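What follows is a set of structures to go through.
First subunit A sits with subunit B, and in the next complex the same chain sits with subunit C.
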Partner chain A sequence: MKTTIISILIFCAFALTAQNAREISHKYMNATEVGDMEMISTINIYDAKGNVRTRQISTASRKFSESTKMLIRFLAPADVKGTALLVYDYEDQDDSQWIYMPALRKVRRIVSTEKGKNFMGSEFTNADMSRPNQQDFDYQLIGETTLEGRKCWKIKATGKTDALKLQNGFSSNISYIDQQTFLCYKIEYFDMSDKLHRIQYITDYKKQTNGKYFAYRMTMQNVQNNRKSEMIVDKFQSGSKLPENTFSPAMIDKF
Partner chain B sequence: MLTGIILLAAIIPLTNTKINSNLESYMPDTMLSKINNKKIGEFFGNDETMLLVLENEDVLQPATLKRIQNISESFMMNDAFEQVLSLFQTKNIQSDDGMMVVTPVVENIPEQPAEREALRESIRKNDLAYGLVVSEDFRYAMIMLTTDQQMPDVELMEQIHQIIGKYPGNEKVYMTGQPYLRTEANDKIALDLMVLLPIGLCVMLIFLWISFREFKAMILPFSVVVFSIILAMGLIPALGWELSLIGVLIPIMMIAIANNYGVYFVARYQEINYYHPGRNIAKIVQEVIAYLKKPMILCGLTTIAGVLGLVVHLLIPARQMGVVTSIAIAFALLLSLTYIPALFSIIGKSTKKQYKQVNEGFFHHLLSHVGKLATNSPKRMSIFFIVSFLLLSGGVFKIHVAPDSNKILPEDHGFNRAIRIADEHFGGSKTIDIMFEGDATDPALLKRIDEYSHRLEQNPLVGRTASLSMMIKKISMALHEPGEPGYNEIPEDNFAVSQYLELYGMSADIADFERFISFDYMHTLMTVQYQAASLPDVEGLLQDISEMLKDEPQPYVVGGASLIDKEISQSVEIGQYYSLLFAFLAILILLSIIFKSVTAGVMGSLPLVFAVFCTFGLMGWVGIELNIVTALLSSISIGLGVDFTIQVFWRIKTELMYTDNWQKAIDKAVRGIGRGITINAFSVMIGFSVLFLSAFPFIQSFAFLIIISLFLCLISALALIPALCMILKPKFLNDQRPTSKVKCLTSKV
Partner chain C sequence: MRRFAFLFTICLVFLNLSAQSLFQDAGKEAAAGEPQQPALKLNGFARGVVFGGGEKYELATTFAEVALQPQLRSHSAFLQADIRLRKGVFFDEDVQLIDFKELYAGYSSLKFDLLLGNQVVSWGRTDGFNPTDNITPKDYFLFTPDPDDQQLSNFLLRAKYRFTPAVELDVIGVPFYKPSVYKYDLFDMGANVSFAEQLLPEKKLKNSAVAARLNVDLPAAGWSLSYFRGYDPYHGFEVAAVDWSTGSPVITNRPASYLKTSWGADLAVPLGAVIVRAEGAYNITENPDAKMYIPMSDFSYVGALEANVGGLTVIAQYVGKYVPDFTSLVLPVLTDPLNPLAQMQYANAMIDYENRQFNRRIFHQQERTNHAVALSLTKSVGYDAWELMCTGYYDITSEEWMIQPKVTYKISDALTASLGGNYMHGPNKTLFGYASTIMNGAFISLKVSF
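On to the complex of A and B.
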């Protein structure tokens, strides 16, 4: 009887912790849910020796009834300037993507099953660029710590299945979420062998007109190959007035 | 006391001995292949490749595919492996209804025969997979793994075995790759030392007993062997070196060599004791030392000179072996002149029975016969040697140099089986990398690389080539319709190439390209996969590549794993010549100095020339390849074989002090010193015969050849040298009168 009561208490405590962790994570996602936006950003990709490859891109994103549509266009360097990528991000089906290559003056649809792979050759993955589906993860509050003077929760999110882990490109991650603001300042990603793989630092949060926060600088450090990538937002505008037909494959070369 | 201190000092570092079976590390860092590979590694990493081959009647059977999927995905989950490439990771880039679709070759395992045949057809059309991760007859499937060399080999191999073991199946699994080779070689080096050393010591102990039938005559030379082995093996870690594959030979060499001087001492001691039963031990020991000191030191010096020939070898372990064995031989010589006589004096005298038994046996009759044959028919004997020399040494022109180090392991080892499968079904197990410097997105460069690929693929040895050009053309096929301009072509401007790369980065993993293009897009790599059965094959292909690239405007570097193999093989061949030349010259000079005659130098070198060339000729006739171990043969056999000649010269010279009759002097010399030489030679041969039990086939070959070589040195010393002396009657042997010490020693013997 005593054992049963202890077991129930442990189970309840575990369930409560999991619930809290999921809620904290949800609050973080809610605090940074900017919705429609337009921005210009610079991506610096560093190799282990410190060589850098730079890409400047403009991004426009709008949520429509059946999907969120995102249009990315390269502004620099010159050899890829004008290259554009259109993504339809569906809730319940695979993304649709089109690319426009100015050198060929052609729009091509591309199919990718590689969400966990690197985004534009950087240390960010395609999965990092989109908001995670909370249903795919188990959450656990594993502790508290102070990060640069901020008291943070450490929330561990673990992929529910091996397939999901492979798809996302990590087995679990630990987010450091500020207890005051619910903003996340650091995420540690663990590889399929549960070894630390990448560390993301998120800084320069700015409050937008809609009350949400947006990070103007993200750095991803790969501790296994010593490569680093940073994404710096040069210009940000909350909301977008671009009409829906701008986000169509036929218009991709005119954006 | 001094012996004890030296041994103690040698035992302490022994515990820090490290085994190193990495053949690449055997080469100096100044070798071109290493420099080039380092340059390529700066931009494309120094990853090593492991190949796993699964064999089944049809690898597209669901169970086999499931196993490949489970195994390859487990490797992907393991961070020891940088890249994993199997049917489940290799991409299928295709155009589908106006879309560029990048998918794994096998997305779903086909359960129905029709689905299976559809998959087979799709694979046949995909040159990123067909013949690369699956054989053309679908009997073999390949899983390629790359590792960044961070994890120790043993741990890495454990992980591979664990993953394979976790997913059992009916398929046969073979693997090959440097980490596997090193692990297997390391295990075998340790096993060899554990097995060969005790057996070798036991064999030596038995041989000494059979030869001398006296406890102290057996145990004292034996203890010198043990002490010398401890010193030689202790010197390796003490000098900051590691025990190499070649290092297995060191203790066995010491077993064979270090007892020589003790054997001469004991043989002479028993001889004098037999003829002078009344003489006390101190007197006998004194007489033995007086008689043997000079020839023993000379034998020791000439052996050291021969073995030191290895110091000029191009392979680092060969040089290290030359140094440690030389020091240990010098130590054995010192012990034989101090420690053995001292203990003989302390232990006391034995009866003359031992020598009598031997004197009336096999050796006596054999040597009498040989001596008579050489002195009665010296010309016939010389002709016999000349004819034998011409017949045997003719095989020298048929000697092959091993093109790689694969034969370290037995032919039927899974490692070599996987190599054969890769050669026969996957375009080859060897690779050459060509790195081009300059803007890698330059269409002109990419078109030239494409042209090089076509030219190289005409070469029957080349299975396939892979390059950025191939990938760009593959993407172009997905972006254009067949017949449309641009289909299966390199684009005309570099902006388009850059955009192709961005496109691929967005639709798949840009890491797929990192094998071919550096981070800064300023270097591109072309890989040539090929097979080669001999060094000339490799050299021929490299010559073709060099010819092909002679007008290439961009700087380029040729490297790759097989370049290391090629340079090791060339080093084996050239190092062999250096060592041979050094040893011959050293022996020629030493003999000329010892006997104050150039004729002595030349005559003394003849048995060595005979033995070495006949042995190499035999290698050619029998088909034994010159490799990192067999290339050590000449220096070692010269170092050992010259002893016999010196002993014979010395004894003839001594005998000629008392008679002007050359026939009588030579005959007596052969019968007298012949026993010591023969026992010595057989003890060395028996010592080396232990190497037949080695786990390494080429060490077994070495055992065969060194025994043959020593036997040839022995018969040359006992038959050719006496015959030549009989014909030439050289002055250097007949220019002295006896000293009082030698006179009393030889007067009755």
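On to the complex of A and C.
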């Protein structure tokens, strides 16, 4: 009887912790949910020797009735300039994606099953470019710590299935979330062998007109090969008045 | 001159309209508060390309090229050009040229586009084999790592209207015919065979081409219906003359073009981690005089599967052609070997037979049903700095095959090196059999983009 009660208490404590962890993570997601937006950003990619390559992209994202539609246009370097990617992000089904490459002169529908693939040759992955689906992860509050003077929760998110882990390119991550603002300042990513793989530092949060926060600088450090990538937001506009036609495959080849 | 004045007039009419979005303004350098000026952007590349190692030419193609790709744009109006300055040696001939690969002006809004000038049009949802792609001619003998180099522009008027974000109608008029480039004169078809210049259709509107395509792109599937009526850039050839003055036949062939009507459709459907693509066209020709350069009406079709397996992009395609009214060619028989007149008739019949057979190979109409398969593998490694690609093709009907490996390395953001090769093989008297002596070899390219 005593054993059963202890087990129930342990289970309840675990469930409560998991629930708190999920809520904290949800509050972080909510605090940074900027909604419709347009931005121009630069990605600097440093190899282990410190050599740098630079990419620049413009991004527009708007939520329409059935999906959030995102258009990414590559501005630099010159050999990929004009390439554009269109993504329809659905809540309950696979994304629809199209790509336009000037060299092909065609808009091609593509299937991206590789969220874990490097984004434009950087340490960021395709998964890092979009908001995670909370239903795909189990959350656990694993402790508290102080990060640059901020008291933070350490929330561990583990992929629910091996397939999801493979798809996202990591088995779990630990987010450092400020207990006052619910903003995340650091994420540690662990590979499929549960070894620390990448560390993301998120800084330069700025409050937008809708009260939400947006990070203007993210740095991803690969601790296994000493490569580093930083994404700097050059210009940001909360909200977008681009009409739905702009987010159509027929329009993504427009320069 | 009037034509160019008209192009610029269209462009200038729409200048001084200002842009209104951070996304749309990306890449422009206007200071805050200043009125938006027409934006002139200049991109392009410079490169050197060497292709060689073949049986007939040690260095078939060596050239250096600068591509200047200016864009003048002010919101809805724009002018676009792709100007190539090329100097090199092509099949032992010195070539120095300025080529306006593209030069057109246009108006583009959310609902409507109007484009006029030299443009490249690429239709079809399958890869490399596109039965619905009838407008843009190709130069099949320009060897570079970039397949787009083979596309030759036409002067054309193009209008697009988007009924909804997902539904677009594309209408094209091509006033003057431009054929694809085959250099059959380079083939070793015997000392007694030569090729004359092609006689092009008269530059009259009755010989112009018209095409239309209704394209639909929905999240669940994309498809289109298309129509083409005009001279096919993918032409055949005829026997222009047979000279018997030396006692043995000296044959002069001449490229010849034909009219066709083509109804086409294509499709792309994502099914989980796979995309199914299909494309087909019913090509209708009229040939009451049994000209050898006019193919029989046929149904051309391609089915394809595309998947990404562990970072490897795999595209497998089946390429087929069905000729409903197929009739076999009858091999001539020498009925009276001792009769000089019969010998002459037999020789003429054999010349006709051989050349009809070769045209059928060009048009892939050797049997009532013709089959081929293609496989393309692509993988990026080293944080996208390296791209490894290999394409293979096998024509089941004619037993011709080809393989094209290619490695691309981005040395820096601006500098790209490519190394690859082309190997084709075919039985005697087939296209690949003839072409292999010229087109088998390796290439290297160094390209600086700006």
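Going forward, the second predicted complex is superposed on the first by the 252 of 255 C-alpha atoms of A that agree within 3 Å, B and C clash if a C-alpha of one lies under 4 Å from a C-alpha of the other, contacts with A are read in each partner's own complex, and residues count from 1 in each chain.
The definition used in the following text is that a residue touches a chain if its C-beta (ideal position, glycine included) is under 8 Å from a C-beta of that chain, and two chains touch if they have at least 3 such contacts.
Just so it is clear, the structure is predicted and the values come from calculations on it, not from any experiment.
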{"item": "Superposition on subunit A - do subunit B and subunit C clash or fit", "value": "clash"}
{"item": "First, second, both or neither for A:M120, with subunit B first and subunit C second", "value": "both"}
{"item": "Residues of subunit A touched, compared between subunit B and subunit C (which is higher)", "value": "C"}
{"item": "Contacts of A:F74 with subunit B and subunit C, given as first, second, both or neither", "value": "first"}
{"item": "Touched partner set for A:L242, first subunit B, second subunit C, both or neither", "value": "second"}
{"item": "Which superposed partner A:K106 touches (first subunit B, second subunit C, both, neither)", "value": "both"}
{"item": "First (subunit B), second (subunit C), both or neither touched by A:T161", "value": "neither"}
{"item": "Subunit B versus subunit C as contact partner of A:R53, first or second or both or neither", "value": "both"}
{"item": "Which superposed partner A:Y88 touches (first subunit B, second subunit C, both, neither)", "value": "second"}
{"item": "First, second, both or neither for A:T146, with subunit B first and subunit C second", "value": "neither"}
{"item": "Touching both subunit B and subunit C, residues of subunit A", "value": "53, 78-79, 103-104, 106, 108-114, 117-118, 120-121"}
{"item": "Subunit C to subunit A touching residues, read off their complex", "value": "20-24, 26-27, 43, 45, 71, 73, 78, 80, 108, 110-111, 120-122, 124-125, 146-148, 151, 160, 162, 165-166, 168, 215, 217, 219, 222, 268, 270, 272-275, 306-308, 311, 383-385, 410, 412-414, 416, 447, 449-450"}
{"item": "Residue ranges of subunit A in contact with subunit C within the complex", "value": "38-40, 45, 53-54, 58-60, 67, 71, 73, 75-79, 81, 88, 90, 94, 96, 98, 103-114, 117-118, 120-122, 227, 235-237, 240-251, 254-255"}
{"item": "Touching residues on subunit B, where the partner in the complex is subunit A", "value": "73, 76-79, 96, 98-104, 441, 479, 486, 491, 493-496, 498-500, 502-503, 505-511, 519-520"}
{"item": "Subunit A to subunit B touching residues, read off their complex", "value": "47, 51, 53, 74, 78-80, 83, 85, 97, 99, 101-104, 106, 108-114, 117-118, 120-121, 162, 166, 191-193, 195, 197, 224"}
